[in-house]
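The same subunit A turns up in both complexes below, where it pairs with subunit B and then with subunit C.
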Partner chain A sequence: MRLPLLLLSTLLTVLSCNPCNHGALAQGLELILPEGFKAFDTPNDSGETISLTWKVSPSESTDIDYIIYLSPSTDGPWQEAVRFRSDTHYKSDAPELFGFRKKLRNSHFLRIEPRRYFPGKENKKAVYYFKLAMARGEEVVPQGEVVSARAKGNWFDLSKLNNLIIMVSFSGIVLFFIAHARRFPHLFVRRISGLDAVDEALGRATEMGRPALFVHGLTGMGSISTMAAVNILGRIARKVAEYDTILKVVNNDPIVLSVSQEVVKESYLEAGRPDAYNQDNVVLVASEQFPYVVAVGGIMTRERTAANFFVGFFYAESLILAETGAATGAIQVAATDSYTQLPFFITTCDYTLMGEELYAASAYLSREPMLLGSLRAQDLGKAIIILVLFFGTILASFGIEFITQVFRAF
Partner chain B sequence: MRKDRDFWILVGTLALFGAVNISFFLVGRLQVNWEDFGIVLAAGITLTMYSFLYKDNPAFKIAENMYVGVALGYTVIITWFNALKPDLYDPLLVPLFTWERTPEYLLFAPMVLGVFMLMRLSTRLAWLSRWPFAFVVGLGAGITIPNYIHTFVLKQIEPSLRPVFSGGETVYMSINTLLILLGVISVLIYFFFSTEHKGPIGVVSKIGIWFLMVSFGASFGYTVMGRMSLLIGRTMFLLKDWLGVVQ
Partner chain C sequence: MTFLKRGVPLGIAFLMGVLMAFQYYVPHEHSKAFLELMTRWDKIIAGFAVFIGAYSLFHLHYTRIKRRAAGWGYSFFVFVGAFVTIAFGLYNGGEAFWHDKKEGTMFDWIYMNIQVPAGATIFSILAFFMASAAYRTFRARTVESTVLLVAAIIVMLGRVPVGALISQYIPVAADWIMGVPNLAAKRGILLGVSLGAIATSIKIIFGVERQYLGGGD
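On to the complex of A and B.
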């Protein structure tokens, strides 16, 4: 007699603990409507969405849905905007708005773009009204409460606060080290072997009486790699002017062209050889990727350039360019932060400056306090990142996710 | 002697190409219409481009200049229809002369900056072009820096900060996490420029180089496979669409 009773009580316990069967038990029972239904302008956005939140209801299960009704006026007409399963869409799904607290799982959250439901009547200042209902199949039970909100654009996206703090702190470190480099101009920078090759290549071009070719990457002046490339170009141009050889510079962007012309001209002036500067040697050869490749390949083959420098951000053209240069027998130096193209430069060029070495190169060559200071600051930044990774991983392994959350990207 | 040989190779290849196409038109393999003419042209340009693998030649030079010219023409059309017309001509210049609607006067600012850029053509007014350049460089840096921090700092740190063990993780997953951590830290140390790579730093940076080379090798193989598929695509075009020897 005791055994069947024990089995029955165990079965009932298992059924009551299983969330999938919870809904089944709820079938036919009255739905308990959620409380705390609120609508508010979504923070940190450009004014497109309204956020809705409400507390979890005990009736929720896989077969129960929530329906959000939307209307441009308090009297309706109401239209069904969204319907979703009641065990989804929690506040915890949006840590950029609500943070990482565990209690967030007790409230639902939905972001809705109301203007999308009224095409042709987009009014940025319109107030929208919302109603919530629970549904089990065809049976719909409205919650009754009507809430309203207006979507407004926000000046600040506070979810990116960590980005701002990193930027401000890092800028502070950079400024400090620039001032430090001005006071102590002989800051140590380790030798970058690829850079020694620049002088070697230019010397070879001079001895052979053939031109050197500087090939820009495909990105515009807004790209950090192009800025670094221009710095290196200035240094190479100065050396070229001193050695009295010819430098040809090719690129595919009109702004980069103009900046390059200015930089090369200035370098020739600094070297005391303004007469040797020829604007026609700094040219835009093509504006599209593969025509650029074909044109640069043609220049390498016909001009028989003795030294090729590929500096900047490259895409699929890297291998074709570097392979053509290698076939002409030129000494080649590449410097790029395009990590997908680095393998091709490594296999086809004599020396390759990888990633950040491109930025370090301009500092190493010029010994300018501004660049040296930035380089030292970057090293400190990397040290901080290493510490964050090391301690963050250890803490995360013990369930302390504070560092992980601070460095979360939104 | 060598030049003569190259000349005859070129003439022979062109004659062979012409003969093949004429015979295709005669036997009806190709029809006299724009589509089939396009196939012949595409096949010719493909072969001309590949001729560079032998050496530079006049046919390649023609194709090269044509390619650059077509690309430039294409860029001009794209710039007009995608940028200048919808963003400047239609909202500012057309209403300014027709008064059908209020012109968007704010667009004068970028237009003037654009005109300043063209001032480079004048020696006397070239200094004006520095304004738009300063604007573009400043704007570029302003947009790039937060995106750079987002993409290359936060987005990279996030997946690296994984728990090595937190219940439910397999041994392999834990080893994987440790390897990622070791790889990231050693590569970062390789890119330290303020210290000489000697002693423990040198050892760790060597490990970093190994990680880099392994990833470069994988990337190289992956991309070469992609290039092979491009070659197969072009070869299939020649064999199927042009020669018709593959169905």
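On to the complex of A and C.
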């Protein structure tokens, strides 16, 4: 009889211990302050921030906060800079600074911009002082230790070292193959049917006595796809001049217009047909997206262009342009690295150069050995990436994250 | 002359290319200031280039009107539209154009009530073009187009409530198609694009590719 009564009383005691009562119990416990509070200039930044680290305390819980106090001098006045829950902000949140070790969860990390707290008194050489405290509601227990640091700008971002190594290595491979192609000019390059079709399209335009149309994408001269488009334009313009047909080039950016005019003019000059160049055939038709679409669509339908080339980076206008061109019966070649628009071009154009083929086009059309050499480098780069992906997948399947971490971008 | 026409632009391209490439790795405030300076130069050049663009546009339409080219009547609208918009832009709601732009002026009204709806109208046409392109493409002539057709039907059904009503597996299959084969192909294209972009940049920086200067060599 005593045993059931004992069990019942134990159960009632346990049930009466709700979370509020836990909090009340915790109120009575003394907070154990953390150790190893340090301040240092944040590496890899422009000199705006100071980093603070300290070890985790056994007292941490969801109702306990950390407070960071900040002052421009060791004697104060102290200002509360940040208050946050004690079970947040770990070193493991910043792998770009501390790496990927599992022990990083044993230390806290906070990045702070001290100058932001003293507007109008920003001094780049100032030393800032920090104090740490633990808080439970209104109760604040200071840690007592004062640490200091000065924010300094860094000349190299070490977190981007992996990126730099890959960039320098791949650039070296490109330059090696360019030099190699100079010595051994007979390189084999696989056929790209979309580029073989350029001659066919221009031949058709010549036979039909109708113009060819070159449509630039929407990005400006700062975009590498526009640079590639301009390179292709030069090659096409030269062939057009040789075939003695008309090339119309439409632009939406004034700088791209200026470059395109110069490129087409020089190509006509090289082909020995400077007289055939007409500046009114290389024009800016509109600077906004949809007015550009309307203007180009109008040119296609009015002038019945026989060949349309869509080259560069496109957005939503791609399908409207290509579908209008298809409706006029023109032979169409698209080249874009905008992967979201590729399906539209594939469905509406006769030939589509996908992604990297846009960048290979200039070399392919010119057949210059030095330019073709870079294509070899791209192929080697792809082979290396495939190998890394293959071994990375195998290692990741066995829980080894090494390759993923090495290639992580920050 | 060759030096001025080729050597100087190639030298500038090399210097700026290398500086801008390494700027990415230097977080120092001087590096940031350099980037800001270059961005400002870019904006100034773009500002002047607007005049070249405007000249090109007006010259083209002037010539079209002069030669009575097909559809030359539309060219009048270019001049009317440009004149009215520029006039209200300069008028700036009663304050002259050298003051800050005033809100709620006739210039804004033209933009909000003519430019924006006209743009939206053209954008809405996309739906019809999409339907016609899909009709032409989704004919199961080959194995590839059949795969495309089946995948497209699953994804389209998986994105609308009726797909889940037909079968609870359709949205799951649609998510799998988008998340596995589609994403893998997209990443493959992106990797190729990145390598191509780096190779093209190297060729331009080192003067191997000179087509953008006009002419080949």
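In this section, the second predicted complex is superposed on the first by the 381 of 410 C-alpha atoms of A that agree within 3 Å, B and C clash if a C-alpha of one lies under 4 Å from a C-alpha of the other, contacts with A are read in each partner's own complex, and residues count from 1 in each chain.
Simple rule for what comes next: a residue touches a chain if its C-beta (ideal position, glycine included) is under 8 Å from a C-beta of that chain, and two chains touch if they have at least 3 such contacts.
Nothing here was measured: the structure is a model prediction, and the numbers come from that model.
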Which of subunit B and subunit C A:397 touches, first, second, both or neither: first
Contacts of A:140 with subunit B and subunit C, given as first, second, both or neither: neither
Between subunit B and subunit C, more extensive residue contact with subunit A: C
Partner chain(s) touched by A:347 [first = subunit B, second = subunit C, both, neither]: both
First, second, both or neither for A:222, with subunit B first and subunit C second: both
First (subunit B), second (subunit C), both or neither touched by A:388: first
First, second, both or neither for A:263, with subunit B first and subunit C second: second
First, second, both or neither for A:190, with subunit B first and subunit C second: first
Subunit B versus subunit C as contact partner of A:162, first or second or both or neither: first
Partner chain(s) touched by A:33 [first = subunit B, second = subunit C, both, neither]: neither
Contacts on subunit A seen with subunit B and repeated with subunit C across the two complexes: 160, 163-164, 167, 220, 222, 224, 227, 254-255, 258-259, 285-288, 290-291, 294, 298, 302, 319, 339, 342, 344, 347, 354-357, 360, 375, 378, 382, 385
For the subunit A and subunit B complex, residues of the former touching the latter: 160, 162-164, 166-167, 187-190, 192, 220-224, 227, 254-255, 258-259, 285-288, 290-291, 294-295, 297-298, 301-302, 319, 339-340, 342-344, 346-347, 354-357, 360, 363-364, 375-376, 378-379, 382-383, 385-386, 388-390, 392-393, 396-399, 403-404, 407-409
Touching residues (chain side subunit A, partner subunit C) in the complex: 44-47, 153-157, 160, 163-164, 167, 170-171, 174-175, 178, 220, 222, 224-225, 227-228, 230-231, 234-235, 238, 251, 253-255, 257-259, 262-263, 265-267, 269-270, 279-280, 283-291, 293-294, 298, 302-303, 316, 319-320, 323, 337, 339, 342, 344, 347-348, 354-360, 362, 366, 368, 370-371, 374-375, 377-378, 381-382, 385
Contact footprint of subunit A on subunit B as seen in their complex: 49, 52, 56, 60-61, 63-64, 67-68, 70-72, 74-75, 117, 120, 129, 133, 136-137, 139-141, 143-146, 148-150, 153-155, 157-158, 160-166, 177, 181, 184-185, 188-189, 191-197, 212, 216-217, 219-220, 223, 227
Residues on subunit C engaged by subunit A in the complex (per definition of touch): 21, 24-32, 42, 45-46, 49-54, 56-57, 59-60, 63, 70-71, 74, 115, 118-119, 122-123, 125-126, 129-130, 132-134, 136-137, 186, 189-193, 195-204, 206, 208-209, 211-216
